[in-house]
Structures are given as structure tokens and as C-alpha cells.
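Same chain, two partners: chain A is paired with chain B first, then with chain C.
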Partner chain A sequence: MSYLPYALAGWIFVVGLYGVVSSRNLIHLAVCLTVMQSGTYVLLLAIGYKNGAAAPIFRPSHHPAVDPVVQALTLTDIVVSVTVVALILALALAAHKESGSVNPEEIADFSG
Partner chain B sequence: MSTILAFPVALPLAGAAFVAFTDGWLPDRVKELPAIAIAAATTVISTIILVRTERMTLVHWFGGWEPRHGLALGIGFVAEPLGAGMATLAAALVTASLVFSWRYMTEAPRLYRVLMLVFLAGMSGFALSGDLFNMFVWFELMGVAAYALAGYAVERLGPIQGALNFAITNTVAALFILFGIALLYGATGALNLAQIGRTLGGHSVDGLVVVAFTLLIAGLLVKSAAVPFHFWLADAYAVAPAPVCAVFAGAMSEVGLFGIARLYWTVFDGPIGPHVGAVRDVLLAVGIATAIVAAVMAFLQRHLKRLLAYTVISHVGIALCGIALLDATALGGAANLVLSHGFIKAGLFLACGVLLREFRGLDELALRGRGRALPLLGALWLLAAVGLVGFPYVGSFLGHSLVDDAAIEHAHRWLPATLMVATGVSGGAILRAGARIFLGWGPRDDPLLREEPPEEVPEETASMPAMLAITTGVIAIGVGFSLIPGLEDRSEHAADRFRDQHTYVDRTLFGKVRTYGPSAPVVIHRATPASIGYGLGAGLIAAATAGFGLYRRRLPAGTRQAGRRWLEPSVDGLRALHTGVVGDYVMWITVGTAVIGGIWALTLVS
Partner chain C sequence: MIGFAIAGAGFAALVFWALVGLPDFGHYHWPYGNALNAIATPERHATNVVGITVFDYRGLDTLGEEFILFASVVGVSLLLRKDPEEHVPADEVRSDPIRALGAVAVVLLFVLGLWVVAFGYVTPGGGFQGGVALAGAFLLVYVVGGYRQYHSLLPHSPLEMAEAFGAGAFAILGFVGIVYAGAYLGNFLGLGNAGSLYSAGSVPLLNWATAIEVCAALVVLFSEFLKIYMLPAASWTPEEGPR
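Then we have the complex of A and B:
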């Protein structure tokens, strides 16, 4: 298989990371985190992919299938990320309620 | 028989559901009891596991999915003394915090108790799991509960900022870890630690292993808050409720360090072992930078929890040095440091809770002299500071002396002296705060210390005697660690087993049980004269630092001006780096990871 899916996974991950670093809006930042996470989905699926293989539904036939383990990992990964993003969004909402802003620079109460 | 390994996670998780369900029905007076009972039972079970692991390593395969022909499909828990000790420490501190917070947490106390139990399950699972992806899931579970606990006082801006910075940086760290796990799975087709290690063991290091290693270690360095990955910690610990801080400081940071040790010795020691020098140097550099930078930052704080938070980072750096030496004595020393520091620092955060309840504030200057009303707490505070410094035969001395001995053995003679300065300065910061609050020493104002936003004040209903008793107990345990007979031999023995990858693989994948002989002799550790010297030196530096913080106005004017000219720019620069803005923190994480990865790419690939 080509290197393209791996390069794509790395690209999505780094683009998301750039977004997290440069973001000036917490909602946008949470979306950037999910973009990073999407990079890991692509990587996991690429690792388990086989040319010409079917979905991992094992019937008595001996048709080759893609790796079901990485698909299970991706699903778990999605569940975990939903929890975290929900929490971050809830905190962003609370920040907006308190300070009227979702800019990380403007809610920096503590420093030094 | 090995089913007992499931309980340190099953009990708090089921307990959390039970507490969430029954809380509305129970009368107010007994509402706290179920959560405390569940945490206490978890502590007992983890202790039983710890005692049993002394004879042999315990393995449990969930659902009976045992490995066949050395191939593991199921998820297994593997308990050896260090992992079981980590789980026991976490459970004990959660129990102490729950007892301490009896009527302390008045806002949504049910959610608080549920979150603490889930948090405990996450830490125990991470410490016991023998499966890489499973470790990631526990890591995230622990994280989510911790973010919510840090932002508990969600109607004020400080806690929201702290929780957001904590959640975002640690989620980025978790994604680094996940990326590393996926790469390792791609390279080996395995998720079980023993099996990954076994598969990699036969190969030389290639680029893929280096990238995976870097991402995993960097992710765990964020959790354990090593420089330059540490920025989130002070923001989160400064705002979390005091009993939550006690568990964060005593157990969560240490869980990250434990993960680094676990991954290195089960997975990477085989392929990377021949180039061990590069790993050692990088981790030592990170550890020393952490110890020193955080000690200086601690000295610049007047908000007590923020001050203690920076000393946590400093001690993480010291324990990381213990791991970085990649040696059995030093690893045993690091384990001892984690234990004694965990209890003492938890006790100090609980003491902050008492101060907050009594004086409605945690500002060192505002509290000056007011602590005289609480002489017992003052005595505990000073004792804890002395215990953290590593004064001979008090508190963390045993850990410090083992790390020092190992460093001298590895011809790193400069390391003990460097660590001595770091512990001295961070201990001096704690001593200064204690002397100012409980003895009323020093001036009322200090231009070096910048004001921070005020604290959330707990309800008056919290019971003072109970809070004081728990604080006393926790600090007393931590301070007594260097005097426990036989602990030194046991921890070195445990560290030896922890590093023995061959036996770990045999036990996990092939079920070959190896029993270990009768326990080591029960004697108190006798330190070398050198480490006693370093302990005394650290005590002196701490006293000098505290004296400098309190009475530097009495120095001659010329000296002060020269000192200001030299030190002010670097102090201001260091402060300016801690911006409180999460994007900057993630940028530091990225830069740190890139630098570490770059160094390893140049030195490890053969």
C-alpha cells in the first residue's frame, strides 16, 4: 500500500496541532482538537487496511478482511474524544458566562 | 485467585455508579459514608495485592482471554510491587481526601464524590494494566475526571482557566500517546506491553520506533509536568479545591512518571538498550531543568497552592532524575521519593484547606502571623517542609539518598549537588511561607511576590478537628517513610523486578510463575556519609533561602543592588514565560517534543 494515507494522517495531526497553538477562540480550539484526533483515526485505519479485503465480518467464508482491532480502537478513541470535547465546550460556555469572552488570552486570570 | 486484580478498578467504578444513584435518597448525615467506604475498601484491596506481589507477579486476563503460544489477544492486568504500590498510594490519598472533605465541598457534593471515585479507578487501572491501548483509556478516564475536578468552582474565572488549560494540554498529550500507540501497533501488530517488547527486542532501532518512543514519552511528560511541558500544572492546582489538589499532587503527577518507567522497561529497553546513554542524558537534562526552574518559580509565589504546585513540579523533576539514571537503585529511590513526597505534599495541600476554612484566604502576605492561632498546623507545616528537603532520616531522605548513591555510582558526581540545590530552594519557599504565616516573621509586603486572584472559600460547616486529624495523619506517614525498616531493600528488589523484561514476558505471555525468596532483612536503611551530607546541605540551603525571602532587606544596600541588577532580568523573563494562555503552552509542548525527538533521532537510530 502507498505511503499516502500515513502522510495524510500526519498532515491532519499537524494541522490540528497548529490550530490549537494559534487559536484565539475556545470553540475553534476544541474543533482543532477533534481535527488532531481525526489524524489518529486515519492512521489507525490505514494501519489495518489491506488491498482487496472486505469488512471484518467473519462468516464461514475465508475471504480476507481488514484488521478489526484498529477499528475497535478507532471507535473507543471516538468515544473518549466526545467526552473530552463536551467537557471543553462546557468550560468554554462557563468562561463566556463569566467574562463574556472565549479568547484564551482574555480569560487568563492567573499568570507568572 | 487473580480475579482480585480487577477490583481496584471495578470497585470504584461500580461504587461511583452506586453513589450517583443512591445519593439523593440517603439522609444528609450519612451521605459521605458510601464513597469513603468504597475508597477505603479499594485501599485495602490494593494493599492486599501489594503484599501478595512480594512473592510473585500477579496476572489477570479479563474474560479468560489468556495468551496462546505467546500471542495475547485479551487485555491483561499485571501487578508487580511498584505498580501495586502506585495503586495503593492513589487509593489511600483518595480515601484521606474524601474523609477530609466531609462537609468541605458544599456545591454539588454528589458529583464531587462520583468524580473522585472515577478518578481513582483511572489511576489504579493505569498502574495495573499490561496493555498499551488499555493504559491510554485509563489515562483518558483519569484525565476527564481530573479536568472536571480542577474546574469544580465553575462560577469563577480562575478555575475555568485552570481546567481548560489542563484539559487542552493533556488532551494534546493523550493524542501524542495515541499516535505513538498506533505506530507501535503498526510495527508489531501487538498492544500487549510484553508482546510489543518481545517483538521489538529482536530488532535494531529504526525511525518508526524513535518517533513512537518520543511521542509516548512526551505525552507522559506532559501528564507528569516536566519542563517545558509543565505550564498547565500550576494553573490547575492553584484553582482546584484543596482536597482534590492533595490527590493531584500526591498521585496524578506521579502516575505519569510511573508510565514512563513502565513503557521504557517493558517495551523500549530491548531495542534502545544498546544506546541507553542518549535516553539517560535527555531524561536527566529534562529532570534537572524541571527541578531547578520549578523551584525558582515556587520561590516567586505568594498564593500558597500555586507555590506548592511549583514545588510539586520540582519534585517530579527530582524523581524523573531517579528514573532517568535507568538503574535499579535509582528507580527504587524514585519510588520512595514518590511515596514520601506523595503523602507529605498531599498533607500540605490539606493544610491549605484548613487555612482556607479558618482564615478565608491563601495569600501568604495577607495571612502573615495569623497562623499563630493554629500551632499544631504550624508545626506540621514546618515538619513537612523539612521532610521534603530530604533532611537526614526525615521524609523523602531515603529516596534522595538512593538516587544520590546511584548517581555517584554512574559517575554523575555533579547530580546530587544539583538536586540538593533544587530541593533546598523549593523547600526554602515552603519554609518561608510557613515562617511568615505561623510565626509572623518577615515584612508585610514583598515586591517580588505578585498578587493572584482570591480563593473559593469552603463552608463553615466543615469540621476542624477531623480536618486537622487527617492532615496530621497524612503528613506523619509521609515524614516517617525514611524510618520504615526494610523499605530500602524491598524497594530496590521491587525496582530490580520492574526492570527485568525477560521475566515479565515469561510471566505475562507464557504463564511461567517465578516466586521470589523470603523477604529481605527488616533493618533501617543506613545512609552513606555522602548522602547524609547532601541532606544536611539541602536543609541549610532551605534555611538560607527562607531567610533570604524573609529578611533580604537587611543585606547591605550594595549587595542588594548588584543582586537586583543580575537577577531581575532572568526572574522577569522566567515569569513572562508563564503566560496562562493555553496556545503558548501547547507550543512549548510541541517544541519540547520536537527537540527531544530530534536528539533521539540523531543518537538512537543505528
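Then we have the complex of A and C:
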């Protein structure tokens, strides 16, 4: 009876969310978003875990293995996370070029 | 702050409600994962079930993912587009031991990347992981050699072509699957022997297409950001250094 990995996933998500909400710097915000997304990796892998099972790599014989689908999903998740962070950082650079600031509140004041 | 505390408490309650509905940690009982584990090796002669899930059973998801990667790299390239100016490398690695060790590390990392890609459907690894390692080898050229070496090693337009080729090859291999296997991204090659490089049918081709795309995409991203870091010749003075 253990829900600890799920609680950990929720905790990582909320910590990242707090960073996003309280962020005063677009670079910091991108990093917090990555932390948030890490919570989803933990959740996916925790759901696919099976007691006493090994990685789903079968050689030479068959053995109990964890769910390969959530691992494939996590792989997708990580790749998307990396590319989205690159896009956000490029947007932050563009915003800095326009307004001279990476603070979202100061950038909002420019609005025009 | 108070708003976040209230929203956080509400979210925590929702998460707790959702957790109660999940099965106990370690008591996995859904059929899809178990079915894949049972049939992947007999049916596709692949020993890495995660790899075969990515490139065969859920190949369509991976196609979408490839195009997310492609679209975001195109977006970054557009956002960071600069006027063609003379750029001065504002950094230089002068330590000979670091350069020598670095050259060895670049070669080792590149070979490791190729190995991770090549055995992606046999042992842990695959096009995504190996592609990242390959891109890391190129970035290491910049770290131990400086921008000039990095730039001369990586001409820009072939790189962007390689990225488009990787994404396009994946999509086209899907159509080949329609012709020879009756379904988009169907497995159309001989299955070979499980546990050897000749196994898993057309998955090796998709695997290499992904590796080329991921590697090229990440190197394009590095190049775009490094280009920003390199200052135009006019605005850089040797005394001040960059910035």
C-alpha cells in the first residue's frame, strides 16, 4: 500500500507551478516549466511500475516486465519538453530584444 | 500568494481524489502493456519492447512527435534570425591538454551515439537517445575547440536539410508501409533474428531516420543560440570581451 510515488509526482508538479506563478524572469520561468513537466515523467513511470518486474528488454528469456507504453510516452514527453523549452528561450530572447527586459511584468508594460 | 495557496489547496484536493482511484503502486494490471510485453518479441523479433513500441506499435505518435520537434526548431530558427553580419568568435580554448582530451571525448561520444542508435531495438537505446548523444558530440566540439571549429565543422544549410530529411524519411517510410504492409507505418521488411542487428523489420530504418532528425534538430538549436551569443564584429572590442 503505497501512494508515495504519485504524491511525489504531484509535489514536483506543484513546486514547478509555484515557480511559474511567482517567476519574475522568463528564463527562470522556462526552467520551472521543465520542473513541472518532470512531475509527469514520475507519474507515468509510477503508473507502469510492477513489483518484482524488470525492464521490458527480453533476452534471452521472457520475464515479468514493467509497462513499455508509459516508458515510450515518457520518452516522447522528454523530447517535447526539450524542444518547447528551446522555443520559450528563443521567445525570451526576442522579448528581451524588443523591451530590454526578461521580467514578464515589465514586458507587459510595453504592450505596443 | 494567497491566491496561489487557495488554488494549490484546491489542486492538492483534486490530485488526492485522483490518486485514490489509481491502483496501488507496483500493482500494475492494465492489459495493453502486458500484451505488448507478451507479443513484441515473438511478433516483431525485437528485444527492446520500449523501442518497438515507439517505432512500430505506436509509430504514428512518434511521427507526430517528430513534427513537433521539426516545427519548434523551425520556430526557433525564425525567431532568432539575424541579419547576415560578420561574426567574431568571442571565445577561444587555449589550453592544449583540454583540446587534446576534448578531441578524444568528441570521438568517443560520437561512437557511443552511433552505438546507442544502432542497437536501439535490441538493447536500451534508440534514435532519440542516440541522436541526443550525437548532437552532444557536436556541442562538445564547441566546448573544447571554440566557435570557429564548431562553425567550420557544421555548414548550416546541409544541417537543416538533414533535419528535414529525417522528418520526411519517417513520413515516407510510413507510405512505403501502406504499399507493402497494407497500413501506414506498417512493418514491411523481413524480421530477421531477435537479438541481432538484423531484426525488427523496418524499425531500424525508422530508428535511423529519427536519429538523423533528432541530432540535426538539436545541432540547429545549438547553432542558433550560439549565433546569438557571438557578437557582431563591430560591437566587440578585445578589451571588454563579450557583453
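Everything that follows uses one rule, which is that the second predicted complex is superposed on the first by the 106 of 112 C-alpha atoms of A that agree within 3 Å, B and C clash if a C-alpha of one lies under 4 Å from a C-alpha of the other, contacts with A are read in each partner's own complex, and residues count from 1 in each chain.
Simple rule for what comes next: a contact is a pair of C-beta atoms (placed from the backbone, for glycine too) under 8 Å apart; a residue touches a chain by one contact, two chains touch by 3 or more.
Remember, it's a predicted structure, so these values are computed and weren't measured experimentally.
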Q: Have a look at where A:Leu4 lands relative to chain B and chain C in the superposition and call it first, second, both or neither.
A: second
(Q) Output check: A:Ala54 vs chain B and chain C. Expected answer is one of first, second, both, neither. What do you get? (A) neither
Q: Examine A:Glu105 and indicate which partner it touches, taking first as chain B and second as chain C; both and neither are also allowed.
A: first
(Q) Per the contact definition in the header, classify A:Ala94: touching chain B only (first), chain C only (second), both, or neither. (A) both
Q.
Taking the superposition on A as described, I'd like to know which of chain B and chain C A:Pro68 touches: first, second, both or neither.
A. second
**Q.** Which of chain B and chain C A:Leu44 touches, first, second, both or neither
**A.** first
(Q) Based on the A-chain superposition described above, do chain B and chain C contact any of the same residues on chain A, and if so which? (A) 17, 21-22, 47, 69-70, 76, 80, 83-84, 87, 91, 94
Q: In the complex, go through chain A and note every residue touching chain B.
A: 13, 17, 20-24, 26, 29, 33, 36-37, 39-40, 43-44, 47, 69-70, 73, 76-77, 80, 83-84, 87-88, 91-92, 94-95, 98-99, 104-105, 107-112
**Q.** Of all residues in chain C, those that touch chain A in their complex
**A.** 1, 4, 8, 11-12, 15, 19, 22, 24-28, 30, 32-34, 36-38, 40-41, 47-50, 52-54, 58, 61-62, 65, 68-69, 72-73, 75-76, 79-80, 122-124, 126, 128-129, 194-195, 214, 217-218, 221, 224-225, 228
Q. For the complex, which residues does chain A have touching chain C?
A. 1-7, 10, 14, 17-18, 21-22, 46-51, 53, 55-60, 62, 65-72, 75-76, 79-80, 82-84, 86-87, 89-91, 93-94
**Q.** Of chain B, residues touching chain A in the complex
**A.** 133, 137, 140, 143-144, 147-148, 151, 154-158, 160-164, 167-168, 171-172, 174-175, 178-179, 182-183, 185-186, 191, 234-235, 238-239, 300, 306, 450, 452-453, 575-576, 578-583, 586-587, 590
